[in-house]
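Once you scroll down, you'll see the structures, which are given as structure tokens.
Two complexes are shown next, each including subunit A; its partner changes from subunit B in the first to subunit C in the second.
Right after this comes the complex of A and B.
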């Protein structure tokens, strides 16, 4: 049997938007990245064209989970368009975004496939975006490939990815919410369903199937130190240490 | 595959202004790093870029596209332009059939038809049900096809071969703006074009709270005893130092543009021209929301362009911790932070062997950015240098 590994991604940026059921002029976002959005990001990085359902299938079959490290706030964007010739107003639309959010998404499956996807993320054919093209990620999304392990274990061990300001502002939460797919040997009795299992990204009509989603929580792993590549002077760092001591 | 990405970063200070407003009239905002920020949506700035292409004649109009519902009338004009013996009515009929054969649905707008009937005017031309984006070259191709079948257009376009030709004409030789920003047609998905460029929402690098300007206007002709304002109102505004970012997939752009438009030029030539136009337009364009009220005519204080083979990297995280003004504005610290972050993130994730960097900057506050790459003296020089490097990269074997 081939090895099962897990690829973890950090999805962070000023804005993200993960639609699962948007229609017409109201474009909503789910509170967390959707499977179709994240699989789409990976497929795009690997250069899988829209409509190439054969190459998409193994990606769509990966087991998916997402951890809400910093839920963010929902903002509404009011969108107008004007007629190219007459200048008359076109229908108004509303778009929703998650501002200031950070998630850890993870996919579990065949090691070699995940290795190829990780490399694709580093030198993608189509660059990644967080649900909508105008939402580029703020930092490289690749958090590493974890070998011979399971989704649950990785999400319980990857350090808390919340931004430095957020960690300063709030005490470390007891637990982080994880939305994950059931494992093969698990009953889906307590699961919700969400229509974001990608079937095809064909431009002629994207289709999604229903997917079972279990809501769990994991106790917060150790916050990641340093705050990423930025190593700015942080006068609150000293206070934070004191706070942690007294907690 | 030969992957080439272009990252464009810009710092731009705008004085009190309202470039892009929401439905309450207030400038758009977002929350980042836990504090409110000024925001200019990507779609607002993309529109400014398109307008800039046209107004500044950066590209031959034949290379630009038009976005309209009046596609039938537009094509009819092309047809009569090519052959003035065709009457207006015939031209409209030819155009309508051809547009439909290319896959766009059209219909006569009911309200206009009713109005015409009431006034006894001529029946209005059919319109597409959505905005259709076609390049000038695509329109010319369709017009020629329509004339070829002018004898019996319906029968002509019924043949499989001609129908396929109509579709193909609408799907090749995309205009530069379609190739950059994409095209989405809901019910003819096979002629959609995926955008080669990602434009991020511009965000202020510092905390911004919208302000409200209360104004009164005097009635010059009011000589009554009771003086007072002729009208009163409020205008919301803010001022900001914005971080603007776009990523361009040069290989995607090359795919979208297809073969060179002329036989006598190298395949890379249209890509080079498109890249130069994009760099110039992204840097110099400005959304015009309330520009007559605020006159916010500024240019970026600093521009950093990177040409790379690894994934594009936004430097917005440099400003997640909001810049605080020390009484000397936000620009200096924003430039310092961008310089530090860009080199840090490059060290951690970049590929120094293959990455080229250019800088265009104004004034001493942006001094630290100078070390990031080759300094360009003018925007034109910057665009030309980037275009040249892109063409060289494209010609290299994958």
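Right after this comes the complex of A and C.
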């Protein structure tokens, strides 16, 4: 058995949309990133084509968790569109998005596989997006690879990623919700079940199996800075430092 | 050389008059030196009086002055300062000798910097037309002005490059296929202001056209490439409109956490 590592991702952007149970023209979003969405993002970065289920399987087997650093607000888009060539009306649809949300997602699994995925994120074959092609990430997605550790420990130690304005509004340490899959040695009795385990992303018919979701909460270290005054440039500081040195 | 800082009391009419006209502010700064007239122009290669207004918060405006002589800003305190705060210990402004810093500058050091400047170039819109001085209006061009190889060499510093893992975009081109620095450099354009103010009336009583200057505040990190040239830059300024609050470059130590990431 090779080493187990954890790859952490920062999912932040003006809009995100993570559907798990959408049907027909009402395209809903879950309140947090879905495993199928995040595995799809990683598979796209690694250049795995749709329908290549053999290469997808090891990715889908990774254990997944997500931490809600800044939940964001849900917005509804009443979507009208016309065909680009024929001009025919496309079906009216409702699309739901999360605005201004920040999440930390993490996958746990074989070290070599995660190392390859981390490199793929830095030079992706297909660019990453947050659940829907029209939702690009606002910041680099890669948050680092943590070696020889567990999913729970990484999500408890990565600093709070929320925007500065959001942190300013909530100075006190916040307990952050974590949605994670059960570990191998854990009973699934207390877990919810969601149809969100990717089986195939084949364009002819995507299929998803069920997976378990346990809701936890963690309190994480608050990063220094960000909330303070923006202007830090003080030309006198250099002079004072010199005077103190010579005194 | 001396570096001085004066906090402007923005609620006072005198302060508003000074802040609305770089012409008036320049005259006020120059009257802090008893033996020079505001209209005196310095010798081309001598240290000169430079000043800059920094807006820290909505009501916190600081005036920085770099000058060859120790300034007496009493008249500014009276017109646009906080006279009640001023006492024998605290005249209402701070002045420190600048020489210790200037003498200690060494090649290879890294500093955080701030610069308010007037980035301009000369262009000719059609063949045969005389070249005209024109302001750079977009951040890409404004940064390009400061990042210009020759200018950096002349000023004795180089703007630091970001480590690759902190860049969002590599360098590229603009949509018009012009070179674009991307976010390759530790450089930001904080503030672009277009100032328009009247010069004093001419002898004939005629009011000339107002003066317009586009001024930009740059912030970032630099590495000293030539201490002698940088010393000159710090005391003589960069670029045009130095009488109108442009060209003053100030240095501040980098936060300790960033000092060895370079």
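Note that in this section the second predicted complex is superposed on the first by the 211 of 247 C-alpha atoms of A that agree within 3 Å, B and C clash if a C-alpha of one lies under 4 Å from a C-alpha of the other, contacts with A are read in each partner's own complex, and residues count from 1 in each chain.
The criterion applied here is as follows: contacts are C-beta pairs under 8 Å (C-beta built on N, C-alpha and C of every residue); 3 or more make two chains touch, one makes a residue touch a chain.
All values derive from a computational prediction rather than experimental measurement.
S.K.: Under the stated touch criterion, which partner chain does A:96 make contact with: subunit B (first), subunit C (second), both, or neither?
M.R.: neither
S.K.: Answer with first, second, both or neither: which of subunit B and subunit C does A:165 touch in the superposed model?
M.R.: So A:165 only meets subunit B here.
S.K.: Tell me which of subunit B and subunit C touches more residues of subunit A.
M.R.: B
S.K.: With the two structures laid over each other on chain A, which partner does A:139 touch: subunit B (first), subunit C (second), both, or neither?
M.R.: In the superposed model, A:139 contacts both subunit B and subunit C.
S.K.: Output check: A:128 vs subunit B and subunit C. Expected answer is one of first, second, both, neither. What do you get?
M.R.: First partner only, subunit B.
S.K.: Considering only the contact definition stated at the top, list the common interface residues of subunit A for subunit B and subunit C.
M.R.: 139-140, 229, 231-232
S.K.: In the complex formed with subunit A, which residues of subunit B make contact?
M.R.: Spelled out, the residues of subunit B in touch with subunit A are 1, 3, 5, 22-23, 28-34, 37, 41-43, 66-70, 74, 131, 189-190, 192, 194-195, 198-201, 203, 245, 247, 249, 251-252, 309-314, 316-318, 320-321, 337, 340-341, 344-345, 347-349.
S.K.: Residues of subunit C touching subunit A in their complex?
M.R.: The contact residues of subunit C facing subunit A are 3, 5, 54, 56-57, 64, 94, 96-98, 100-101, 104, 111-112, 114, 168, 219, 250-253.
S.K.: For the complex, give me every residue of subunit A touching subunit C.
M.R.: Of all residues in subunit A, those touching subunit C are 139-140, 229, 231-239, 241-243, 246.
S.K.: Under the definition above, what is the set of subunit A residues touching subunit B in their complex?
M.R.: Listed in rising order, the residues are 12-15, 45, 47, 50, 72-73, 75-79, 81, 83-86, 90, 92, 97, 99-100, 121-129, 133-140, 163-166, 169, 202-205, 228-232.
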